[in-house]
Amino acid sequence: MKRKQNLLGLLFASPWIIGFLVFTLYPIIASLFFSFTEYHVTLPPKWVGFANYAKLFKDQLFLKGLINTAWYTIGLVPIGLVLAITLALLLVQPLRERYFYRSMIYLPTIVPVYAFATIALWFFSPYYGLVNGLLSFLGINGPMWLNDEKWVKFTIVLISQWGVGGATLIFMAAINDIPKELYEAAMLDGANKWKMFWKITLPLISPATLYYMITATIGALQIFDLPQIMTGGGPANASLSYVMYLYRHAFSYMNMGIASAMAWILFLISLVLVIIIFKTSARWAFYGTSR
Amino acid sequence: MRKHNILYLNSVRFILIAVTIVYMLPFLWMLSTSLKADQDLYAFPPVLIPIPPVFSNYIQALNYFPFMRYFANSLIISVGTVVGTLISCPLVAYSFSKIKWWGRDFFFYIMIGTIMLPFAVTMIPQFIIFQKLGWLNTFLPLIVPSFFGMPLYIFLIRQFFQTIPDELLDAARVDGASEFKIYLKVMLPLAKPVLFLISLFTFIGSWNNYLGPLIYLTDESKYPLALGLPQFLNRYGTHWNWMMAAATMAIIPSIILFIFTQKYLIEGIKLSGIKG
Amino acid sequence: MKKLFASILLSALLLGVFGIFAYASEPVQVTFWHCIVDKVSKSAIEEAVAKFNSTHKDIHVKVVLVPGHETEVTKLMTAVAAGTGPDVYYLDRFTVAQRAHFGVLEPLQDYLEELGVDIPALKAKFFDFTIKEATYKGKLYALPWDTDARVLYYNKTLFKKAGLDPNKPPTTIKELDEYAAKLTMIKGNRVLQIGFVPWRGQGWHYTWGWAFGGKFYDPATKKLVFADDPKILAALKWEVGYAKKYGIKNIDAFFSSYRGGSVPVDPFMISKEAMRVDGNWLISQLDAFAPKGFEYGIAPIPYPEGGEKNSTWAGGWSLVIPKGAKHPKEAAKFLVWMVTHGEEIYAEKTSHFAALKAATEALAKKDPRQKLFYDLFSGPNAHCRPVIPVGALLWDKLTEAWNDAIYGKKTPEQALRDAQNEVQQALDKAFKEEASK
């Protein structure tokens, strides 16, 4: 019986395992090897041991990119989570026109990123922008947003929230999976909406939450497009992300060895964070009767 | 009770209208730019509603590069990828969630690990693999990997499969159904919403993929739309109106797919009857 | 059904027979990757290639457009790494030395010699600085394609409004500063109109460093010298003066207002920025999109006492043969034809400045606005960026140093020193590797 289970499991997972062995394993190992070499892509790699790693930890921009990326992650993951769940809860309410709202909230994620970035720039433009216009209407003197070293990362985090549509759909699907009887029973017990959210909704969507936490963390650590297009890393490198700097090494300076070392440092950081999330999830992720 | 309900729904409505307006802006901006005359393009303050709308921008966009050809290529690549994803991902997710076997967690964590490395450093070795396979300048490197599962989507489906009670499958097992039959007849129908969800994500991801086609395709007749839009970005003055017209036409399939998909999304997995 | 089968068989046979004949006289296929997206230039390239193909029966050139960012080399790098690169590639010329150093390029000169090309005569057809950039370790690795130049653009209408003579652009830094002050309007902290900001447009480190008469690199000693050059320091300090005078945040806020909105709007085009150093390509942009009645003038870059008159620097593109090209010899033949005959077609159709002297001279005669550029190119103070294997790094680090100083993160002295030390280290390493090869 156990043997049969093992065989079945392997069989069902085989597409991915084969794909992994054929397409993914070699590039991963190769990049690990390159991280210990001086490698300019067109010349054969030269073994240098930990020299790339040692060099990086003395590199100001590397550290700057790392710290910036930490702030991006700290901002992106929780804000996105709260917003996605909130929107999902609103969008499953029995409004006749909810289809329209759903489509519109999802729409920015399919708009090409160039179009998207340009309107974001206009929104947060210090003088003529919509946001500061509204703020000044309320008598508040808005910040310089993307032009202020202290605000630029937060502004990019805010702008990223236009892309929350995908996560919202996932949470919507999860919420719709919750058996309605549970709410009816709770209602009979006199629970209010707030209590039902904490006792029923949140625990039952926790598998989706776990998915979000893992993928959003990995994604945030690799943030690239928006800072690249909107600020190019400025002002004064305040928005330079880790992967932006990695790309520069890989394709501008042709130092694939350094780029690979950077990639593996990021890998280790991701790994630690993901393990922490998985380990703590045992306390809050709930899979019903599943084993 | 009823009165309270209306008040409640209307406040939800009010919030959603406000949020929707904010979320519509990028699209509306794209649409408005796509209908602007050249001289309005760089006007300041910006012209928000172009009067009269210049529909000929759409004709310009269609002729700037072979739009329909690129469109067809995008469609082939994206549909192929969706088919591959739908065949492979739920299968693997089933193994990672509903079958107990020795390597399950080991392989699952390795799979999560593979998405933690930035593509920039694995790109070249991967390119060499496809070159050895003789697949360069074909759609194969863009489509075939999806038949071997995409980690992000396997993970997502796994999360949804896990919420389906095991009793349901055990009942079928007792009846002597084969594991594959259980997967096909019990699991997949229950997972319809999440399957639509990943179809949507895969389609859009593949439709907008720029780096893949850029490195693998070396024939302009094989280019997808994602390689067409950057052709408008010109140092000597970009015709943003044409570009946005092209972009607007380019997102139509994604919008259609979304409208079609969301009907199924909210059906939810109807467990109520079974669970009792 | 049978009939169908027979006809398929027959046509297959015929194809086979013709195939053999075709094979005997099949021209060598040369692939050519470029990234020129604008329609006029793209079709000019295609026209030139078509002409080459019709006049060279033994070679067939296939053109492939590789869209993306101007300096996107991702596709090239990947392909060359796998040995599937093109035979000819369109490359930003200032990176030629770096790419050659890292083995991305075939030594073009060897193939030219093999073909029996008169190399000194060929070189003489191009502007000197373009050949300098195409040469690495004494060998040609590229042939220059086009070129560009930086000049001062100024808004004549705003000049008139401020009581300045629209036909007398500033020629010295002192005048420039005075005009800038007159043309700037500030209310409180808010900039309403800006006269001039040095680092805008093409006002790079190199632009002002050279205009101030400074030197960045000494090829004789193979040392970077900018941190020790008082003229470079003076240029940077002058720029920092602007940041301090108006407040860097206020300047940034002013310009960023035009980056979003309908599309990114150029403040120069809507008469909110009176003067700016920019490239010659701005002319065609102004032709296409500037509002009716927009009046502007162009002038050489102003310079301080002890600086450099008619200073400019030029970039531009070139054609190269990437490593692993299948048909390098045929590619070299095409390349020589393309940068001479092909360029003539291209320059005429697109009004671009060619690296080819004759083509640009013809252009300057046809369009008087372009004459200034031609004079600048031919003058003694037309620079190109240092030809070193770490050119991209030097560019990035200089930019960083300038930013650090302008944003007040470091003193100008410190910023220059740090950048010089870091790049020199990389440079020494590159030269050491080269010597050991």
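A, B and C are the chain letters, set down in written order, and residue numbers restart from 1 in every chain.
Criterion: a residue touches a chain if its C-beta (ideal position, glycine included) is under 8 Å from a C-beta of that chain, and two chains touch if they have at least 3 such contacts.
Since we're looking at a predicted model, the values are computed, not measured.
Line, ring, star, complete or other: which describes how these chains touch one another?
complete
Considering A-B alongside A-C, which chain pair is linked by more C-beta pairs in contact?
A-B
Mind checking the centre-to-centre distance between chain A and chain C? Centres are C-alpha means, answer in whole Å.
Chain centroid spacing, chain A to chain C, equals 36 Å.
Between chain A and chain B, what distance separates the C-alpha centroids? Give it in angstrom.
Centres of chain A and chain B (C-alpha means) sit 16 Å apart.
Among the residues of chain C, which ones contact at least 2 other chains?
In chain C, 74, 77, 81, 261, 263 touch at least two other chains.
Among the residues of chain A, which are close enough to touch at least two other chains?
As it turns out, chain A has residues touching two or more other chains at 41, 118-120, 122-123, 128, 251.
Can you list every residue of chain B that touches 2 or more other chains, as numbers and ranges?
Within chain B, residues 29, 33, 45-46, 123-124, 233 contact more than one other chain.
For the complex, which residues does chain B have touching chain A?
9, 12-13, 15-17, 19-20, 23-27, 29-30, 33, 45-46, 87-88, 91-92, 94-97, 99-104, 107, 110-118, 120-126, 129, 145, 147-149, 151-152, 154-156, 159-160, 162-167, 179, 183, 193-194, 197, 200-201, 204, 208, 229, 233, 243-244, 247, 250-251, 254-255, 258-259, 262, 265-269, 271-272, 275
In the complex, go through chain C and note every residue touching chain A.
Going through chain C, the ones touching chain A are 71, 73-74, 77, 80-81, 98, 102-104, 190, 248-249, 252-254, 256-257, 259-261, 263-264, 323, 390, 392-393, 396, 400, 403-404, 407, 409.
State the interface residues of chain A toward chain C in the complex, per the touch definition above.
Listed in rising order, the residues are 40-43, 61, 118-129, 144, 146-149, 234-237, 248, 251-254.
In their complex, what parts of chain C are in touch with chain B?
Within the complex, chain C touches chain B at residues 31, 33, 37-39, 64-70, 74-75, 77-79, 81-84, 86, 258, 261-263, 265-266, 269-270, 272, 281, 284-285, 288-292.
Within the complex, which stretch of chain A touches chain B?
5-13, 15-20, 22-24, 26-28, 30-31, 34, 41, 87, 90-95, 98-112, 114-116, 118-120, 122-123, 128, 162, 165-166, 169-170, 172-174, 176-177, 179-181, 204, 207-208, 210-211, 214-215, 218, 221-222, 243, 246-247, 250-251, 256, 259-260, 263-264, 266-267, 270-271, 274, 287-291
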